[in-house]
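Structures follow.
Each of the two complexes below includes chain A, the first together with chain B, the second together with chain C.
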Partner chain A sequence: MLIALAAVPVLIAVAVKLSSRPAAPGRGPLFLDRITQNGLFVAVTALVVCVPLFLPLTVGVVAGDTIAGEANLGTLRYLLLAPAGRIRLLLVKYAGAVAFCFAATATVAASGALAGVVLFPVGPVTLLSGDTVSVGESALRSLLIAAYITVSLLGLSAIGLLISTFTDVPVGAMAATIVLSVVSQVLDNLPQLEWLHPWLFSHYWLGFADLLRQPISWTSFGENALLQAGYIAVCGALAYAKFSNKDVLS
Partner chain B sequence: MARTRQRWLPALLIPLALAIAVLFGSVQAGASVSLPPKTAEEILAMIARTEVRALSGTVQQTAELGLPEVPTSGPGIAPGAVSALEFLTGSHTARLYVDGPLRARLQVLDRMAERDVVINGGDAWFYNSRDNSATHLTAPVKPTVPDKHEPPMLPPEMTAPDMPTPEAIAGRFLAAVDASTEVTAAGSSTVAGRSAYSLVLNPRSAETLVDSVTINVDSETGLPLAVDVRANGQAEPAYSLAYTQLDLSTPDAGLFNFTPPPGATVTEKVLPVKPVPSMALPSAPVPDHVRPAPDVRGPGASVTGKGWDSVISLPAGSAPAELTSNPQLSQALQPVGGGRALTTSLLNVLILDDGRVFAGMVPLERLQSAAAAQ
Partner chain C sequence: MNKPPTAASVSAPERATPVGSPGLAIETRGLVKRFGHRSAVDGIDLEVPCGSVFGFLGPNGSGKTTTIRVLLGLASASSGDIRVLGKEMPQALASVLPDVGALVEGPGFYPFLSGTGNLMRLDAADRHGSSSTRRQRVSDALERVGLGHAAGKKVRAYSLGMKQRLGLANAMLRPRELLVLDEPTNGLDPQGTREVRNLVRSLAAGGTTVLVSSHLLAEVEQMCTHVGVMSAGRLVAQGPLEELGAAGQAHVVVQTPDVELASRVLRRLGLVPGEAPGTGSPWGTTAVLGTGINGREPEAIVAALVADGVRVRGFTVENASLEERFVSLTGEGFDVVG
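And then the complex of A and B:
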């Protein structure tokens, strides 16, 4: 899955390199038109493309597989035979999902940066505010964006873990998690449901653009972290309750 | 069984605790603070005395005028096609940095994009990140008669107080206060974490659509922090502009030095030329229209009535082209007898078939009778 994710920025970079017609400014994903001028934008563009679907997809697969996958393979009861306790198993499984969130985001960012450096010239980066920053600082900001997206995906991982405790069919848990992430994003785009928007776990997913402003706006980073922490707390508590009462038969 | 229940306990308690925390937080945010009471005159004097020259803050503008929401992204929306209507619907957030009267920066924070206005002495830069375009305005030798639809950012008004701050809007309303307005003090509130006095302007006229204007004034500095305009028969404020964050320290000087990024399309203009339409917006439409009539005068415009129920009329041919040619605006226009009308909860504009335009914060019928009278 990481390889598939790494392919996205490479595809973008190659497609932009091969197309003779320069992309019109303002069309397509963020910064697509500026890739030819500065390769460092490949990473950001790739992240913008991946956040709505590809990243939730892979995170949904990993998070949905955590408990249900073990149950399906019949290995869950052997894991529980060890004197480690169910909370610990749950925590370790969640930590694994979190590690994947980070690995996935970092993969996209790193492969994007690499593809951009190889195929396009590299120079000072223009921020949304119109100011330019050095290559070093832009790398720092890329790291911050990767951190932001990792945090953004924590809530979804917790939801996946919760669903995973309810079923023995991993595919069901994966599909339900991914569907939830899509539903949440659709709801987030309906202006009629504005009161609901701040509570949707996908509401701040694209807020990492705030890290590309000068000076950096930390508001959405903080609000996003708080929201995801809330989802982790609620889903974690429910997952613990369900899992500790579960009759593990397989 | 008891054990099972015990295990479900945290699952119940944690969401409950979070819900309580959220509720408590929102109650606390809305709680009024206790300040020594002041009369309306004292508050007005505070505003007049305010000496805030530097600040950095975040302002949020919300307009609920009853217009359909304009999509700002998605298929079919050309980049840069945001129109005057955009700032008449929905909510917008902007960051504002001011250092003295000559240096200011406004950043309209769009989703995945940003529009910047940087004013530094006689130079003004408009930058739009969506299409990476920049417009550089330099001050001309002598300003000419400002057109009604140009932003109040032209010299000699090309100064920081004319940024769309709560202070600027409040200033316009207060400047128009006369015998037709009842000014009262209305307790205290909290805006952007600062305690504030509330000042309410009530039009004495029953003809106007405006129900009341509330201005929240910082209790320490006398700086207006928020302006709410309420329309008759609407619970939500029709228009509100408020700080959500405010810091009264001097912002970093580097913020006001703008160099267009490499690859940007730069347009050089010498004033008075209308800047890029989308860039003109942060300050232009709402404040221009919302403020009471007297200072809205274009060539040939005439004002009938006084105070809140005044009607501005423009003779044929002088209507700004944007009113008739803008496709988004045309969609919002409704056909009425003798022409078309833009009706909102706060402002009505009547465009007659013969080209005359009538506008005012009054019901449509009054515009029609004013049109018939001429």
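And then the complex of A and C:
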């Protein structure tokens, strides 16, 4: 999965490189038009492309598989008999999902940076606010964006973990998690449900543009982190309540 | 369909004893496990003495695996008390499980890891497993079940019996006080079956209590000291193997052409004669089956037969086999209780 993720930025970079006509500003994904001027934008563009679907897809697969996958293989009962301890198992599994969120985001960012450096000129970056920062500073900003997206995905991971405790069929848990991530984004786009938007776990997913301003605006980072923490707390508690009393019959 | 007898006819446990009697490795009182409205386990008082090899028998779907799951805390009991190794379950689960090795309803492993890899991972899942001795213990366990040469192979490429052996190795990763083996010989070749028998014997000799569920009654007869029989969620008998066998009726088989006469004599002696499957011998011998020797000396029966002029061509006393006993306890019916 990480390899597939790594391929996305490369695809973008190669596609932009091969098309003779530079993309018109304002068309295509955010920042696409800037790639030809500065390769460092490949990473950011790739992240923008991956956030709505590709990253949630892979995270859904990993998070949905956590408990249900073990149950399906029949290893869950042997882990519990080892004894791993139910709470401990849940925590370790969630930690694994978190590690994957980070690895996935970092993979896209790193592969994007690499593709950008190889295929396009690299230089000081002009931010959204019009200021220009050095290459080093822009790399730091890319890392910040990766961290932002990792945090964004933690709530979804917790939801996946929760769903995973309800079933012995990993594919079902994965699909449900992915569907939820899509539903959340669709709802976020319906103006009629404005009141609901701040509570949707995907609400701040694309809010990392704030990190490309000078000075950095941390508000969306903070609000996002708070929202995700809320999702982790609620889903974590529910997952614990479900799993600690669950009859393991697989 | 025969209704199995409901009362425990062998070694009726003293119901009054509180949970926590010494000398019992596993003890349950009124253990019930319901799935929806159906009781898969319906109020059993299981007593597995320390140091015994306890054969846990019962037809398909009679609740053996469910009982084992509840004993090991994988599923919660609907009601009833459980003690394992003298400790209240499921409260003491975390302190009891490290001393219990288990194989529950077949092995479960990661197909993409090797045999060694799987055992290392399971051992690492347990905080109590010392990591410095892990590699050694894993290779010892694999050696013990005869998987030494296949240790590095991916489990995906294991045969059914190899996976079963790996499951056994997992149960024996550490010295255990109690081994719970649910159909351990499932899928094993004759050598493997014999090896399991020897393994169980040697573990028992070392003081480990073994609870083994099995459908192979001959197997059970050879390796178990105690037996418990489940039927439709109830424990219909439990106790030492000899007692269970003795409770069944021994019978005599008389080979004779004088079936009528022999039957009359047997009836006079208080036996209930019936036609045994006839054996084709050169003299056209037929057999009479007398059920229950009623504590009579076999030689006295022969003497009486001969005195009345029965031409006795063969005489055998057959003890009730565990199989007959099993069938008499659980009924002839082949259909699973649904």
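To be clear about the criterion, the second predicted complex is superposed on the first by the 250 of 250 C-alpha atoms of A that agree within 3 Å, B and C clash if a C-alpha of one lies under 4 Å from a C-alpha of the other, contacts with A are read in each partner's own complex, and residues count from 1 in each chain.
Simple rule for what comes next: a contact is a pair of C-beta atoms (placed from the backbone, for glycine too) under 8 Å apart; a residue touches a chain by one contact, two chains touch by 3 or more.
Here the structure is a predicted model, which is why all the values come from computation and not from measurement.
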Room on chain A for both chain B and chain C (clash or fit): fit
Partner chain in contact with A:33 - chain B first, chain C second, else both or neither: first
Superposition-derived comparison: chain B or chain C, residues of chain A touched: B
Partner chain in contact with A:73 - chain B first, chain C second, else both or neither: second
Which superposed partner A:136 touches (first chain B, second chain C, both, neither): neither
Which of chain B and chain C A:215 touches, first, second, both or neither: first
Partner chain(s) touched by A:85 [first = chain B, second = chain C, both, neither]: second
Computed vertex angle (chain A) for partners chain B and chain C, CA, steps of 10°: 140
Partner chain(s) touched by A:245 [first = chain B, second = chain C, both, neither]: both
Touched partner set for A:206, first chain B, second chain C, both or neither: first
Minimum C-alpha spacing, chains overlaid - chain B and chain C, in Å: 8
Chain A residues contacted in one complex by chain B, in the other by chain C: 245
Residue ranges of chain A in contact with chain B within the complex: 25-27, 30, 33-34, 37, 48, 123-124, 126, 128-132, 191, 206, 209-210, 213-215, 217, 219, 230, 233-234, 236-238, 240-242, 244-245
Chain A-touching residues of chain B, taken from the complex the two chains share: 4, 7-11, 13-15, 18, 58, 69, 78-80, 90, 95, 107, 109, 111-114, 116, 125, 127, 129-134, 245, 252, 255, 258-264
Residues of chain A that touch chain C when the two form their complex: 73-85, 88-89, 245, 247-249
Complex contact set, residues of chain C against chain A: 69, 72-76, 93-94, 97-98, 100, 102, 104-111, 122-123, 125-127, 129, 170
